[in-house]
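Only one structure is covered here, and it is reproduced in the block below.
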């Protein structure tokens, strides 16, 4: 297989606060191929957004810092880029869409201004040409009356419309990778469907790889090829969506899936919740970070930090000491039988 | 019995999992820990305490009478004597002890600051709470009135009143000539800002879910205001009040400086600076420097303390357990 | 099927096995403008003529997107907001039905023992300046129940019930995690042994694993204490999981109301179709075979709702001359399956 | 939106009436104006009778106030034969109509304000208006209008210089502090701002006067600044460059005394506002778009961070005028403030009233200007 588009290796991003060092991302490695759709799932504080910010190099010292690791994008380590080269990458080759469309656009400039700014910067075109490209971009995200929209200010648009503008802005320069950080969390479910549909359709058309960061397993199941689950700053499990949803290898993934109420369930059953709450990133537990909440923890879990290793089907990896001895899938079935 | 203990043990385990420490921290602890971290505020608090003690206890301390001239052995008045042993801050043009005048001058300033602060705190909170809790015509008319008071330019009006007060015959002399009159005046002119802030706090707090929860539980207005809204609005009230105390001290000093404040021979910081400025041209710097420093250090301390309180009272700040 | 349709009778008396009955509930927020004096120039029709009942011991789910009026409905029922018009009959066990909007102060105060609410935001719903003990004891304090010691004992008992340690009484809310705070909110709501609880998005601010904890707790409590829930949420999966019957709201109206399985398996209103088809299901196999109904445009402003059927501006099935002029009534098209649509049609969406 | 401006004007008028009423009653409380005339030895030539008639001194207080108010707004001298003002009026009307037709709604109030301002200036110069504000009780002969009107310019010059210094120094200072948050410079700036904010204007004024002007000259023999008046005696004979220098040497110290506190306030405010903008989501978007740090700060951050300061300036206007009253008396600046203090010394009733109201009008107008400016700068603002 060809070289991956993005390869992250042992990335660690720490923040220093008054209370101590927050290890927001603590040693993660993964690859992303061209045109792949990768989902990164995790609960709040799992480090999924910080991962994205680290790749874009949007973490600013002294508050936070990428302490070790490499981020290889198209064969070169982004962490070694100087600021000017990085500016070419941002928005040009890697675009990013954020969670809250209500605040992500500058309130004092028109939609047109903000779109054309990106286009002129990365495509080195004249104002006139940029205007035409921006117009097409607005039409591409299916906003009616593109010409008049160019003149409107962000506050005159609804949340869904603004997120469309963000998508238009992100894709206007045909990036190789689009990072979408909880792009629909702030939106209603019908709007979410519109936006996800549109974003992935456009990304496919352009051959853009998508890295979708979300807490919603449903969205991942519907829109991604591969998925990785983050917990306490690390990746606990990765695989294709089919593998992960059908046969989770890590007790956290297993618990998370069991915690979900499903709309297609006929019978009311009890949810299998994960007890306790996520760990403080300042005071991480020894050994496996999930250990204090894990039903299957044994002595070794407190002593050694589990690394990702093959588990389950080929291509599936899990960071659990007991991944190969536990048969979580059968526990699911057993429960259903007893219930 | 065994069952209960079992449950308790499980709960403790749960606490450990959820990272809850054993000892609770009270709001007071939190407040103190945060305030102590603000070093300037702590220094300021110390300075202010010293000032207040000095001013309150002045008659018991071995200070000269601030209105009597000092004489040398031959009976001559000691005019414009520079600082030296025994006369630490020197004497003024009339031979009075500057140290004692600065200390006694602090009385007027601190009384004006304190009384104005109390007045503003009471009136602002009262008007703001009523307006914020009763929307509609009550709110509208109170806020129009507040706008009106806020629209009055403080200094020009204060100067007129300060000038006129001693001339108003039917006023008792403690209002006309003393710091109380000035404090009342400044208080009535400056409560508007706090009223607006308190109203805004009320408007936002009354929409908060914990207030709705109290109402759903059947709590009456009094309980909602005094148990739920006011305790959460306390931070801006205290911060704004300290700000006003500083401003009141400055304005009182300015009035005295212009000659429209507390009439001589009662010493005031504004008066000392005014007179000190005139003679400093001739090289007699001590009155200007000591009077001005006392004034600036006091106001500065109040402002630093206010800044520290703002940080310490902010409920959004968290603190990690040690 | 449409032949047997009967419309919703809003004049009927509340029946014994219903704990709550809402008839023609309307809540409008005035829009004021004026140079000197505020004049009302319009209104936001947040809740526009909503009628439904809640059976004793069941969970009625109320779903809809933001701005559809579901929270306003809840607050109007509890009279945390004064409803503009309409009746809300509450039928306590062994007592006479009370119409909440017209109840006097004393009656309302007594009613509040029976009706409780749990809020969405576990951070905003607990007074940061009060201890857990005084928060949980507040309903008892307000109603002068027991001595101080009695109340403290009860608080400890309640904390145990919701899975918190009784030693936590002198802690402040900021020391707890989101899930724990929500448990404190539940304990407070339970303090006076209410019979009816409004749950206003009780889990939507929580992480998935914590959501499950709270949902399980709520279900256990319902079973143990025989509570009736009005469960408000925008998450259709959670609503199906916890509800017995489900009502769907759009722009201030109930568009469809049915048993949970009927509503999810055989929805009839085009908005319900779209809504259900938009919800992602955490199963890649199911997802790969689904067809989404993508709605055009945004939700219209409730200050200026469309004429006729409020959904007609976005409805893929809207018929000109009917849907944009006639306002469809809620009709019973199958046993206990109410739909407000001129052209209802059963359609399976997943 | 125009309803909004009209409402602001009406509130302004009510405030002004309240202000003048309070001051009027205060002055009366200290004794009748007639007593003051006795004190000022102005008893001859039927002056008392004239003042009694003009102010209605033999009538109840409220009537007296009403009489004063109507006199205040009544032009004394106004020549309608003069054709120029009417032409100006016509041009202004046409301009407003054109603005209404062609300008974007958001910018209409600003344009109209500008046209009205220019029109009023031209009209004032050509119409030779004077208002009937009475005769000074101090001199017994000078028209109050002349005394006040001739001094307004001096205060204007001082106030605007102070405002300019505060803005030009304070805003960049605050922005720089925000960009270097927690640096030594930032902490020094914060500390200095607190000190400046806690130092009364008169302390700064007297200190500057004593040490930067007098003592400095004594020590070095170099006369850097003048400490009295607006210009030197020989101003008229100087070349243009020297005139500028002369103005500078007179203006600097009093303007700095006023500006220092405002400057501290602006820098603190600007720092906070800039920090807030720097944390905003749209700045993160701008960064993620690949813009350079310079573009991000200059184009995206500054514009947003500068808007809120307009509100602070509008609040600060009253404060600057108050400051001018104090510095003018320290530095012998021939402005309204000094006149005000002089008039208060002898309780020159009509002069005090006239100045209080002029100050009030100035504040009201500046506040409305600030509101309109805010609307121009921030597209989100809607007036209702």
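The chains carry the letters A, B, C and D, assigned in the order they are written, with residues numbered from 1 in each.
We adopt the following convention: contacts are C-beta pairs under 8 Å (C-beta built on N, C-alpha and C of every residue); 3 or more make two chains touch, one makes a residue touch a chain.
Values in this document were obtained by computation on a predicted structure and should not be read as measured data.
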item: Shared chain contacts [chain C and chain D, defined touch]; value: A, B
item: Winner on C-beta contact pairs when B-D is weighed against A-D; value: B-D
item: Chain occupying the most central position, where position means C-alpha average; value: B
item: Rounded Å distance, chain B centre to chain D centre (Cα mean); value: 28
item: Distance from the mean Cα position of chain B to that of chain A, given in whole angstrom; value: 51
item: Whole-Å separation of chain centres (CA-atom averages), chain A against chain D; value: 55
item: Chain B and chain C, separation of their C-alpha mean positions in angstrom; value: 48
item: Residue numbers of chain A (touch at least two other chains); value: 275, 277
item: Interface hub residues of chain B, defined as touching at least two other chains; value: 14, 18-19
item: In the complex with chain D, residue positions of chain A that touch it; value: 56, 58, 62, 83-84, 86-92, 95-96, 98, 100, 103-109, 117-118, 121-122, 153, 155, 166, 169
item: Chain C-touching residues of chain A, taken from the complex the two chains share; value: 43-44, 158, 160-161, 188-194, 197, 215-223, 241-242, 245-246, 255-266, 268, 270-275, 277-278
item: Chain A-touching residues of chain D, taken from the complex the two chains share; value: 182, 280-282, 284-293, 300, 303-304, 307, 377-380
item: Chain D residues within the chain B interface of the complex; value: 11-12, 14-15, 18-19, 22-23, 26-27, 29-31, 194-195, 197-203, 206-207, 209-210, 214-215, 318-319, 321-323, 325-326, 329-330, 340-341, 344-345, 347, 352, 355-356, 359-360, 363-364
item: Sites on chain B touched by chain D in the complex; value: 144, 147-148, 151-157, 159-161, 163-164, 167-169, 246, 250, 253-254, 257-260, 270, 273-274, 276-277, 280-281, 283, 285, 288, 292, 295-296, 299-300, 302-304, 307
